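What follows is a set of structures for review.
Both complexes shown next keep subunit A, but they swap its partner, so subunit B is in the first and subunit C is in the second.
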Partner chain A sequence: MTINQVMFVLFSVMIIVFSVLTVTSRRILRAAVYLLFVLVSTAGLYFMLNFQFLAAVQLTLYAGGIVVLIIFSILLTSHISQKFEPVGWKKSLFSALAAMAGAIITIITILDFKFSATAEAAREIDMRLIGKSLLSVEYDGYVLPFEVISILLIAAMVAAIVIAKKGGPKKTETQTL
Partner chain B sequence: MFDFAPLTKWIDTVLHNAMSPFWAVVVEMLIVGVLILLFYALIGLFLVYAERKVCAFMQNRLGPNRVGPFGLFQTIADLVKLLLVELVPIRNADKFLFNLAPFIVITASFMAIAAIPFAKGLHAIDLNIGIFYVIAVSAMGVIGILLAGWASNNKYSLIGAMRSGAQIVSYELSVGLSLITMVILAGSMQLSVIVEGQATGWFIFKGHIPAFIAFIVFLVASTAETNRGPFDLAEAESELTAGYHTEYSGIKFAFFFLAEYMNMFIVASIAATVFLGGWMPFHVGNWDGFNAVMDFIPPFVWYIVKTFFVVFLMMWFKWTFPRLRIDQLLTLEWKYLLPINLVNVLIMAFIVLMGWHF
Partner chain C sequence: MNTGIPLQYFLILAAIMFFVGIYGFLTRRNLITILMSVELILNSVNINFLAFNRYLFPHKMEGLFFSLFVIGVAAAEAAVAIAIIINIYRRFATINVEDVNEMKY
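Coming up: the complex of A and B.
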């Protein structure tokens, strides 16, 4: 086996094992930590493919951003002794079936796709190229999706602020407590 | 002169001649890992000593002076003590997460140090996203802090972890934006390219006022991001005993302690690399004689001197400013640093566009 294969097997096994642990763990913070391991191993796969930009984005956004948010909300709401009740066999059976069906559909689609094999070594992707195609209006430019996502994010942020503000001035009758 | 590239190349060819490519890579990784680990431990020990000496100097005291000449071996004695101290087991803690937390913190700082250029040709991984990688992996440390606070099952730890999380997540923005300002000037995120770009002048001089503002913002924000005073309210000893590492003892506590100092060192070396020219010597325009004399000082010495200059600035902050409250801390970030930063990025982009930099 080459070193690439060894690393691929290592990362894949980590991703599979920790994914299963994430959904089966009965302590919520441990589940979050297993999810962190899954995301970090995925970043490892991207590093292996020499796509360092995507790997770093994966680390900052998912591991550094989303997992931190999840852990933060768990810290605020749950106590250390809290443990979920074990799931009934019906629920676990059907969730397992649903997960298997999803996996089978994905695998069949991937196997159907004709990948054009190449003997070239993986090249490093120039940051300038990513930046230019993100802001390009040419055929393979991404400026429209980029702007649409920005508008979506602004809408989400404004909505979050509106929800957090909880309406207009406080009414007097609610302050009688 | 003083180029490490031939040496590393020679080691590489010797290893490839002696064994299969697989084992050559494994042995090279081991060598780099052991070297960085040694460097890490030595710098960590020295930084603790330096902090105590600087603190003593600021407070008009002598500091450690009994163990070895000038007390140099004091931290080694402390380390031996920490290794021998009993690891106190916590009965109602989440054992798995409690033991995992220090490793996450120390792994994050260890991953960041691998991407830093120490000298010409002495650079473990030169990624084309260098700065972004360092920001990304050093952001992982906060997860360890949050886990440590929660798994200890202790109110002080939990409050400390919450404060630390809020602080790191918000100050990361300013660190990132101030570095983006310099990336605009450098035109690349690759650390070796950034250092090469400063051969004719350090970026802090090349970029006029915006670069200087970015440097100040980076210093403030990175001091906060490493949980150091005056932003050390995550472990404010007068209110929280020791914050998130209250329950830790022995070597596990030492991990947190070492990681804190190493994060300071990493942040200082990023500042030295991006703003002060990394291992590039100090050159002035057409003073050829002066430049030639400066070239005689090895690049590694330049790097270390610059980094320790920034470290000294950060220690100076710690021992002269009073600790901020949490609301003051968040006001400083969201109402002052972030708007200044955003405007600064625009100004820098405009200057680079017009070609007004040197």
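Coming up: the complex of A and C.
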């Protein structure tokens, strides 16, 4: 076994174990920390695939930003020591059956399909190329999705502020009436 | 490049992660844990995009950019979802989906 394979096995075992713990843990804060482990191992997989920039984005944005946001909202909305009541066996059984059926069908399809790679030479992806393609309107440019995502981000920011603003409409309605 | 790891291994790993997320989405009753399951699902899709990009089309960058945009969408989604969750908690004092059953206020 090469070092690559060892690392891949390590990361996949970590991802699968911690994903299962994330969705089954009965303490919500622990579930959030298991999610953090899943995201960090995924960043490791990105490094193995040789996408350094995306691994860094994954670490800062997902593992840094979103998990902190989730932990903050957990602390705002529930007690740390609170434990969920166990899921009913009926719901648990049928959900597991549905998920496993889907997984088995998908895996069979993956193993059955003949993937064919292109013969073209691999391109070295560095930061300069990423920045140029992101803002280019040429054949290989991605300026349209970039603009769309910037509009989405500003809309989401405004929406989050408006929704979470203090003082519900109920109070203002009674005042105007 | 990645010697000794077939493309299928990455795809199977992503499939397992995706359906673990589906299982969590179906069984969880707390809004924040449901959001965490959705993050798992989005993450597994990213692995797929990147593996396809690296193994099948190494001369292109579609997979990289679409994962980048998926991460951006996930961040926006998490921000809005958590704003909504905190607002729900303020009105109902709970974020259990079975106790939150009216939209009118």
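Keep this in mind: the second predicted complex is superposed on the first by the 139 of 177 C-alpha atoms of A that agree within 3 Å, B and C clash if a C-alpha of one lies under 4 Å from a C-alpha of the other, contacts with A are read in each partner's own complex, and residues count from 1 in each chain.
Assume a contact is a pair of C-beta atoms (placed from the backbone, for glycine too) under 8 Å apart; a residue touches a chain by one contact, two chains touch by 3 or more.
Worth saying up front: this structure is predicted, and the values here are computed from it rather than measured.
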Tell me which of subunit B and subunit C touches more residues of subunit A.
C
Looking at A:23 after the superposition, I want to know if it touches subunit B, subunit C, both of them or none. Which is it: first, second, both, neither?
second
With the two complexes superposed on chain A, say which partner A:2 touches: subunit B (first), subunit C (second), both, or neither.
both
Once the shared chain is lined up, is A:80 touching subunit B (first), subunit C (second), both, or neither of them?
first
Is A:103 touching the first partner subunit B, the second partner subunit C, both, or neither of them?
second
Contacts for A:60 in the overlay, against subunit B (first) and subunit C (second): which applies, first, second, both or neither?
first
Intersected contact list for subunit A, partners subunit B and subunit C 2, 53, 57, 72, 74, 76, 125
Where on subunit C does subunit A make contact in their complex?
1-5, 7-13, 15-24, 26-30, 32-33, 35-37, 39-40, 43, 46-47, 50-51, 54-61, 64-69, 71-80, 82-87, 89-91, 95, 105
Contacting residues of subunit B [partner subunit A, same complex]:
21-22, 25-26, 92-94, 96-97, 100, 127-129, 132-133, 135-137, 139-140, 142-143, 146-147, 149-151, 153, 158, 161-162, 165, 169, 172, 188-189
Can you check the complex and tell me which residues of subunit A touch subunit C?
1-2, 4-5, 8, 12, 15-16, 19-20, 22-24, 28, 31-32, 35, 38-39, 42, 45-46, 48-51, 53-54, 57-58, 61-62, 65-66, 69-70, 72-74, 76-78, 84, 87, 91-92, 95-96, 98-100, 102-103, 106-107, 110-111, 115-118, 120-123, 125, 129-130, 133-134, 140, 142, 145, 149, 152-153, 155-157, 159-161, 163-164, 168-170
Subunit B touches which residues of subunit A in the complex?
2-3, 27, 29-30, 33, 36, 40, 52-53, 56-57, 59-60, 63-64, 67-68, 71-72, 74-76, 80-81, 124-127
